[in-house]
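What follows are several structures.
You will see two complexes here that share chain A, one where it goes with chain B and one where it goes with chain C.
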Partner chain A sequence: MIAYLLNLGVFFCVNAILAVTLNLIIGYAGIFTMAHAVFFGIGAYTAAFVAMNFTSSLIVVTLAAMLAGGALSFLVALPALRVRDEYFVAASLGVQMLGVTIFSEWKAFTGGLGGVLNIPLPTIFGYEISTPTEFFILALSGLALVVLISRSLARGSFGRNLMAVRDSESAALALGKNVAVIKTLAIVLSSSLAAIAGTIYAYYLSFINVQSFTVDTSVLIMAMVIIGGAGTIYGPIVGAATLMLLPSALSYLWFLPKTEIGSIQQIIYGLAMVLLMIYRPGGMVSSGTKSAR
Partner chain B sequence: MLLLQLFVNGIQVGILYALTAVGFSLIFGSTKIFHFAHGATFVIAAYIFQFIYAGLGLHWILAVIVAMMATVSFGLFLNRFVYVPIQRHEGSYFTIFVASFGSVIIVQNLIGIIFGRGFLVIDTPLSRGVEVVDNLLVSPLLGIALLCAVMIFGGLHLVMTRTHVGIALRALSESPELVRTFGLSARRLSVYAFALGSSLVVPAAIFTGATSGLNPTIGYHVMLISLISTIVGGVGSIWGAAIVGLMIGIAENLALWQFDSQWSEAVSFAILFLFIIFRPSGLFGRASVH
Partner chain C sequence: MNNSQNHPQPDTDPKGSATMHSQTNTAPSKQAQLQLSGVSKRFGGLQAIDQVTIDLVPGIVTTLVGPNGAGKTTLFNTITGHIKPDSGTIVWQGKSIVGLPPWKIARLGIARTFQDLRLFTHMTVQENVLAAMETQSWLWQTGGKAVQKERAEKVAHTLEITGLADMARETANNLSYAERKFLSLARTLVSGADLWLLDEPASGLDPPSYDLFLKLLRDEVNRGITVCIIEHNLDIVVGISDKIAFLDQGRLIANGDPREVLENPELVAIYFGERKL
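Up next, the complex of A and B:
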């Protein structure tokens, strides 16, 4: 039971990190990206590559993953600077599709469809992290770090700048804000922080393949952010917890066929997205009827 | 010869892309509703057709009619019970998109539960290639799809230029305020846009099922193509969307000359990326709305 809970806990932390970082872009910057799983993947693959070829030091590996995630985020930042709304959704959907193709084709780096196996355990200052409990603590501290960073960003002047850009780009521009820099920073930060989730995930499973970084993952994270409440600090965490508990809760309903649980779970969150948008566009954690945008 | 073969294949795929994209372009151009569930409409059309035609063994004409009724009802249902209520209280692009997206997830999984998640191939002797000139295989389906597309685009052109609804829809895409000034209801017009746009997806879905096959998650691919066509063609220009759809099909297939087929999506994405960076208004942007 403890092992089951710890396992669920690690996955919850990974998902919550992804949701919190995605919320920086969607909720605060108002840029609706469908490619977040790509940066999760870039983090995971980079971590695996560095861990297997160079060093086992957790800090170095994490920094390398963050660097890769941040550097490649220009793929999302470039279109975000040029276009808005519907146009950008198309571009980010394209980045997601392209990412999956590269993950499954670039065999030297990603191991192709088979993925990367036997990723060695991480060490921190010479101490090897191996038990589920240690991994849970690692994941939890990762989540705490990410929440802390995004909270201070969101509450500080940077967060206010972001929201200004989100609510009215021209007004922000008129106030002398450098809209391009603000948007780019938000995307680079969010993408590199998402790579932390990738690192933890790769280490914990010691095996990764493209299945974990498809458009379905992007959609799941997006659903967490939206159902929890975009543009709030704790909304994405609530959303992540809700969507993570859903499958476990569903497995108690004995009359549901086991093979369809995944689908039923997706239908439930799809339905939740539709109904929330009609009746409460701000999400679960929101102050009344104020919209996310 | 290989290039010619790829070109012919490209035309076949491109026609289907054009048919799909036009429906989305029509809806999005006139109502400005980001109908992401257009991809779900596509999936519904293919599965309903397959169920009536192969599952129940009924005549294909009947299957087409039922599939059309299903897609139109789906489009109208979403418009009436999701988009209109959202627009009533605020209706930002974000809210509409998320709701539409939720519908995609629901449809995709329902179809998966009911019909299975496997690959659907509509079995027909027409999809088999016939050697026309040496080494050039052309399937009769290409001819049928071509004929179908010409008829549909011709019909659509007549509707958009000769009927009140068509003219009003074009007016709506150019200036919603003016349409309102003339006493026309934008909400009523959007019903026509959804009915027309959703039904246009049926032939493309059936031909896709017969040529390359599909599964419930093809909706994302359909949406990607429709979005690229609409944006690169220029929002508001349904013919722009059709032409770009055709071009993407050809480009994807010509790329097979050098790259593996897994990269075809990357090719269409590269086209979109370049346009977004260098010419966001598209080929036939606002000013040249048909």
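Up next, the complex of A and C:
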């Protein structure tokens, strides 16, 4: 049971990191990207590559993954500077498809559809992280770091710049804000922090393949942000917890027929989302209206 | 339409020899902060602004009037870099600003408000004003705690004089219409700009709010701020303006003393849509 909970805890932390970092773009900057899983993947593949070919040092591997995630975030930043709203959503879907194709086909780096196996365990100052408890502490520390960075940025002048761009780009420009720089920074920052989740994920499973980085993952992360509360500090964490724990909680309901539990979960999920959007459109962590953030 | 045929000439106008003019008779003022010369912009088949030449002088409130679609807001958008003119020059404090992006023009000291206000609606009143002072786009603003403190004091003072102090922590979305107008003005006040372009700043204000707005505006004008306002309400125009620039179909057809412009029957007829030049 403890092992199960620790496993759930690690996956929750990974998803929460992704939701918190996506929230910087969606919730604060108002850029609705559908390609966040690509940067999760870039982080994971880079971490695996560096760990298998150079060093398994957690710090070096994480920095390499963040660097790769940040550097390749121009894939999203470029269309974000050119198009907005539904046009950008479409463009980001294109980036997501491009990412999945590269993950599937670039066999030398990603192992193709088969993925990367036998990723070594991470080490920190020579100490090897190997037990489920240690991995949970690692994942929790990663989440805490990401939340700390996001919170301090969101509550400071950068957060105000992001919200200004989200609420009125033309007014932000008229007040002297370089909107292109602000958007690019938000995307680079969010993508490089998302790569931390990829690193933890790759190390924890010691195996990764493209299935974890598809559009389904991007949609799931977006749902976590929206359900929890876009543009709030803790909303995405609550959203991640809800979407991660709800299926597990449902599986403990003895009166649900085991053969139908998957379908019942989907029905409950769907209903919960519809009701939430009707009665709390701002998400679970909000005062209940769209205007509250 | 042939402009030379339809453009009013000073010597043919019965009353407005001082006010009616063509674009060629406006000599740039020595004191002018902003000088527009022959500025034109066309959108497809529509000539939105046509050879507009005008100077904006410090300590003077110039009001742009004209019927809907005259090109008033387009002129603002052209000055602030939101729209690039097809031709003409725009010189701010001696330097051309044509082709510069809006954020650079804003940093040179040109502030504007919008007719639809464009507040940062999900931010608090306090944050809206603070954001107007934070022009650096990086992860943090330089200057350290001393600058932060100075900004906080400036925000508090500005909210006090605009009557928004009690709403400091309220989201902009939750403000009344007049309060929103003052929040828009507060952002302009703290921007430190030398030129204010205000798009219908007084429309819809109740009398006490209008008086407060006028006082705030006059204080700033007396400090030497250059102000250009778009306004439709003629009572407000008379109360606010030192000078009126009358636009029609993109052309500047009068520019001068408010009373002379507003007493010109031809212009009044155009304004109320009764005839066109």
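Miscellaneous remarks
FYI, the second predicted complex is superposed on the first by the 263 of 293 C-alpha atoms of A that agree within 3 Å, B and C clash if a C-alpha of one lies under 4 Å from a C-alpha of the other, contacts with A are read in each partner's own complex, and residues count from 1 in each chain.
Quick note on the criterion: contacts are C-beta pairs under 8 Å (C-beta built on N, C-alpha and C of every residue); 3 or more make two chains touch, one makes a residue touch a chain.
Quantities reported herein were computed from a predicted structural model and do not represent experimental measurements.
Residue contacts after overlaying the shared chain place A:R160 against chain C, while chain B stays out of touching range. After superposition on the shared chain, chain A has more residues touched by B, the comparison being chain B against chain C.
Contacts of A:G231 after superposition: chain C is touched, whereas chain B is not reached. Applying the stated contact rule after C-alpha superposition, one finds that A:E86 touches chain B and leaves chain C untouched.
Of the two partner chains placed by superposition, only chain C is touched by A:L175; chain B is not. In the superposition on chain A, A:L185 makes contact with chain C only, not with chain B.
Within the superposed three-chain model, A:G70 lies out of touch with both chain B and chain C [touch as defined at top]. Touching of chain A by both chain B and chain C, each in its own complex, is seen for residues 291-293. The residues of chain C lying in touch with chain A in their complex are 80, 82, 101-103, 106-107, 111-112, 114, 118-123, 127, 130-132, 134-141, 171, 173-174, 187, 191.
On the side of chain A, the complex with chain B involves touching residues 30, 32, 78-79, 82-83, 85-87, 89-91, 93-95, 97-98, 101, 104-105, 215, 219, 222-223, 226, 260, 263-264, 266-267, 269-274, 276-278, 281, 289, 291-293. Listed in rising order, the residues of chain A touching chain C in the complex are 153, 156-158, 160-161, 163-164, 166-168, 170-179, 181-182, 185, 189, 231, 291-293. Contact residues of chain B toward chain A in the complex are 28, 34, 36, 82, 85-86, 89-90, 92-99, 101-106, 108-110, 112-113, 220-221, 223-224, 227-228, 231, 260, 262-263, 265-266, 268-269, 272-273, 276-277, 280.
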